[in-house]
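Each chain gets a letter, A, B, C, D, E and F, in the order it is written, and its residues are counted from 1.
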Amino acid sequence: MARILVVNGNTTEAITGRIAEASRAAAPEGTEIEAVTAPYGLPLIVTRSDWLLSGPPILAALAERRGTYDAAVIAVFGDPALEAAKQLLDVPVLGISEAAFHAASMLGRRFGIVSFTAALRPMFEDCLDHHGLRARCAGFRMGPPDASYPAVLGAAEQERLLALVRASIEQDGAEAVILAGGPLAGLAPVLQPLVPVPLVDGTAAAVRLASALAGLPRPVRARAPRVLTGYGPAVTALYAG
Amino acid sequence: MARILVVNGNTTEAITGRIAEASRAAAPEGTEIEAVTAPYGLPLIVTRSDWLLSGPPILAALAERRGTYDAAVIAVFGDPALEAAKQLLDVPVLGISEAAFHAASMLGRRFGIVSFTAALRPMFEDCLDHHGLRARCAGFRMGPPDASYPAVLGAAEQERLLALVRASIEQDGAEAVILAGGPLAGLAPVLQPLVPVPLVDGTAAAVRLASALAGLPRPVRARAPRVLTGYGPAVTALYAG
Amino acid sequence: MARILVVNGNTTEAITGRIAEASRAAAPEGTEIEAVTAPYGLPLIVTRSDWLLSGPPILAALAERRGTYDAAVIAVFGDPALEAAKQLLDVPVLGISEAAFHAASMLGRRFGIVSFTAALRPMFEDCLDHHGLRARCAGFRMGPPDASYPAVLGAAEQERLLALVRASIEQDGAEAVILAGGPLAGLAPVLQPLVPVPLVDGTAAAVRLASALAGLPRPVRARAPRVLTGYGPAVTALYAG
Amino acid sequence: MARILVVNGNTTEAITGRIAEASRAAAPEGTEIEAVTAPYGLPLIVTRSDWLLSGPPILAALAERRGTYDAAVIAVFGDPALEAAKQLLDVPVLGISEAAFHAASMLGRRFGIVSFTAALRPMFEDCLDHHGLRARCAGFRMGPPDASYPAVLGAAEQERLLALVRASIEQDGAEAVILAGGPLAGLAPVLQPLVPVPLVDGTAAAVRLASALAGLPRPVRARAPRVLTGYGPAVTALYAG
Amino acid sequence: MARILVVNGNTTEAITGRIAEASRAAAPEGTEIEAVTAPYGLPLIVTRSDWLLSGPPILAALAERRGTYDAAVIAVFGDPALEAAKQLLDVPVLGISEAAFHAASMLGRRFGIVSFTAALRPMFEDCLDHHGLRARCAGFRMGPPDASYPAVLGAAEQERLLALVRASIEQDGAEAVILAGGPLAGLAPVLQPLVPVPLVDGTAAAVRLASALAGLPRPVRARAPRVLTGYGPAVTALYAG
Amino acid sequence: MARILVVNGNTTEAITGRIAEASRAAAPEGTEIEAVTAPYGLPLIVTRSDWLLSGPPILAALAERRGTYDAAVIAVFGDPALEAAKQLLDVPVLGISEAAFHAASMLGRRFGIVSFTAALRPMFEDCLDHHGLRARCAGFRMGPPDASYPAVLGAAEQERLLALVRASIEQDGAEAVILAGGPLAGLAPVLQPLVPVPLVDGTAAAVRLASALAGLPRPVRARAPRVLTGYGPAVTALYAG
């Protein structure tokens, strides 16, 4: 039975609740989900510097629970702390944008990315480049740059997003579409019956892929102990070896 | 409980047996594996034209069992018939090189590819390009172009492959290494304790990732019926809608 | 005197007639054209799985006439069976999209691709990636995704295509434009007087380039005989060495 | 008169001293250099997770001196905190690997990267990809993966590095060579008379390019105040607007 | 005190005057600017063949003043003669598009390119590819292909260009914008207060970056004397060694 | 009957003789070859600045014979003047490296490049990038950087080149090999019987492809007359419209 730790990098507990729910809905039978909130940082991660500053608290959340999970998911589009966590931990760690890109690539030749606001596009492009999957991306379809973030999407907003999904399929040739960004969580199963290509939700994809990778053999890595200052006990201990 | 159909594109039954064993060893608990052999084609797929000609029999094997599985794996490095199967079937279909590339990418920033003989390199390169993951590849380390294919790898061969794996890690900077090609099946768990990065076996990766994707929502696709001639009843029926 | 075999991968004889006519019109003086129809498969190849399933009958058509031609053209946009044919035959084999991309690249720095319907775009993109010439492509200009395929283009359709060609030149900066897809065959010479950049027809380009390559020295390749089952006598004999 | 703040992301004061010296030697006349040490983190940054954890202290060092400099340099190969600093500060901020790549690109068509140990290669590759200049890189020439880091390079080590530089030029076709990694600081002027292409030192390049960019017009950016928790007063204030 | 030679590749003296003014406005304190006009060629360089034919006169202008400058700038967007000048001269030589691309890359993750007329786009794309920075480019926003070139931009034209800059930022996600092409010279400081990202002028960027590079160590290159015929004495002497 | 003008960009008449011979040997029946020597420039083009300075005399050679040929070949590896000639002339113009890259791409999935000396590699890499075919290149195999250029290759040199060709095929996976650089002209037919993949000679490929393209429809381009100074009457007249 795999145990998966899902870390919400935002400090907002309500978001953790929604992430936990989505994770449990997607988890394979027999998988145990624990969802935790970053101990400090930003209520809502939206910019490039947010990515950096939410990294150490995400790492702290992972370090504090070390040994209690078989795989971990960093539930922030943009994958803060991802490479550090992959290096420091002995279990698979997946970011939700990483998972969305890989899952979408396996489900269609080219994937579109749909989101609420064009303000996130630069961060999404960074992320796509970082994971080396730009050639698999058919393009972005996003709402206006100044769109606000409603906690719950109403019918009108769903309609607008559906139009973006259709433009991605019909005009960009997308064969799978990623619904990206917090406010779209939970939307994939709602819109899926209305569209002819797979809709990919990052959290659902990450939980399932993390569970898959948790079952593969992994190396025992010896790390030389190192001295780290200025961070809390869990991260410092992780460095101490 | 997910049912996964694993298709051996080679017509050699003995290979199907080994693939079935490796698949069952890697499958998540509660997953049912059925392994089948391509009904016609080549005893051992090794060239580019083999890829084409093994495609229709692989599709036939998939079509004949339609409705009896939740996801499928095409167990031939090079992924023959993959895109056609993804398009025609309503369940996720993964190739073992596709799965190896994606799993390795999630386990390390750059992956190396190790195999028995350099004769396979052109096909592996095609495959890497097709899946758009070349930038994640740290390079190839392969045996001589005229190496033969032993059914079972002896100690001397394992030692040579281990040296290739180490060169991939130390000289190419690989952070995960794919062991590619039939004769290397089953080698990953044997060598894993000796190396500090994840070793990825395509069949194991494919079975686990296929199981992961089988649990995600999927579209209902309407396809116009089409007339196909010259193929057996199962493939013809698949086309008929 | 070069003899060129042109294979229509569609099973529709009327298309073969049009291809033969276009090939003869483009052939260099003293070149002999034979056009043949795939013995089985699809009446009209339009999807990714069509590409796979039209491959073996195209190979059969090539194998049956082995020794009677100095170069061959596969006259289906998307180039089914191309890599297998290149490997198995001792004469140059060109696909019409391959030929269009290379000819257009030699005639202008960046080429546009114009076609009747956006439904073909994913296949064209695959093809562009396969041949590694994406950086030379200025973009696609295509009709609506649900456009049907008239056998003969009327004045209104020509006008619409001309507008797409002009958009490709003026807005995308195309310096050559490929007219892609069966229904556009024969259109290049009609529209050429109206536009200031070269218009490239795949069949014409393929016939001329195949004739050019047929005159270059070529290796004698020794192939080990191999056993293939489930295919007709000509393809099986090709494998037997 | 431009004032440039140079931040040593390592917590080792001795390194700051060497960086200050190299910066002053390279600075344009009339430029004032202040070199500071990161307030917490790692004595020596060498791994991917070090990059993340040295980010916030680098940002703190930059935030604490806000208003006292016209441009800043992050003097760690790998450019930790770079994108966050660029976003949060109203003056140009350069990383030393970024500066080395851009300077080398302007001095030669393809640059080689030479360093003491192959252990750094994965981080350097990440960095090269992040800045999008891989196509300008002719390749890496590095010492053995387990090489240690002497504080001062002896004659034997200089000879070995010179051999790597020559291999980069003669075998890889490098037209400029970057000497990367802390222990190589100060080596460029020593070896330059012995080689026929420019040798680029990241710190020197960064100080000069930062000074150049400091003189260009820059936007006044309005940022909405945001709440950040868990960080020191300077970084928190930077977020508060 | 650095001396920078700025070469106007167009034979129009009035343009040289404007370039000299812009160069002096951007030059670091203590830098001496000499601006010269190409001795022959085209009054206004606008096409690909213009680039070739303006190359030798630019080289002549550089050769005639050899020894009187510490760095040189070729003030034509498209960088004619750039690679030849870099090879033949012992001081840094920068083109204004090269400088704009590198400066913009250091000031933002992705830069937009704005210009008066889409007619220049093919040349700008060539240039972007040549310098290997396409991945850093967020896209082009340009006026109509048949726009003429006013000597002085009126308010209406400035308004139209401002709209293109805003589209580049808001729709393409540009984090820095290059104002490209002669008629836009001097516009960056005028529009900068109206937009939230850095506006980059090629000439200003080139003068500052050339000054920065002039201060770095450089190799002494021995060149074998070579015989060149058909060119003026200065270029011939440059070849003679 | 097509007439092809082949321009030797080197001023050495003996090279023109060899080029003429190779061109006639490769020309399709009924094609007329005229080979001419650049009127001024360099006896032997080997560096990047040579490319620029040999451009105008090559253009002059083309301009002087305007109207007497149906296609032209620029017989210098590196393709000087190519883009200008394509723009200014109303017939197809091919460079020999362009032709070699395209022909090799149509004859094999990945081509190797073999030459006498590594000193040419930077120029060949530029050329490969310019034509956008890097992804089709399996790598370079070249002699030592300081190799001299014998007029005629002796048996020992042929043996060394054959070893490079074999390394390209066996170690790099090349499926076609380009023999590049003047001294290797005429070698392809000699070595072809000894190797199992096509050997491509640039001049032969260019003559055949130019002949092929000459038969395709081409646009009538209207060019506005322009004033050019400092060049001879033929080039000036070409600009005058």
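In the analysis below, contacts are C-beta pairs under 8 Å (C-beta built on N, C-alpha and C of every residue); 3 or more make two chains touch, one makes a residue touch a chain.
What you see is a predicted model; the values in this text were computed from it and never measured.
Looking at the partners of chain E and chain F together, the chains they share are C, D. Compared on C-beta pairs in contact, B-D and A-D come out with A-D as the pair having more. When chain centres are defined as mean Cα coordinates, D lies farthest from chain C. As for how the two copies chain D and chain F face one another, under half of their interface residue numbers coincide.
Measuring from the averaged C-alpha position of chain A to that of chain C gives a distance of 42 Å. One finds 51 Å separating the Cα centroids of chain B and chain E. Remark: chain C and chain F have CA centroids separated by 27 Å (rounded to whole angstrom). The residues of chain F that reach two or more other chains are 83, 109, 126, 129, 132, 135, listed in rising order. The list of touching chain pairs reads A-B, A-C, A-D, A-E, B-C, B-D, B-F, C-E, C-F, D-E, D-F, E-F.
The part of chain A that touches chain C in the complex is made up of residues 109-110, 135, 170-171, 173, 175.
Remark: chain D residues 1, 26, 28-30, 83, 86, 92, 94, 98-99, 102-103, 105-109, 131-133, 135-136, 188-189, 192-193, 195-200, 204-205, 208-209, 211-213, 215-222 touch chain E in the complex. Residues 118, 121-122, 125-126, 129, 145 of chain C are the ones touching chain A in the complex. Those residues of chain C whose C-beta lies close enough to touch chain B in the complex are 11, 39-43, 47-49, 51-53, 55-57, 59, 81, 83-85, 87-88, 126, 129-130, 132, 226-231, 235.
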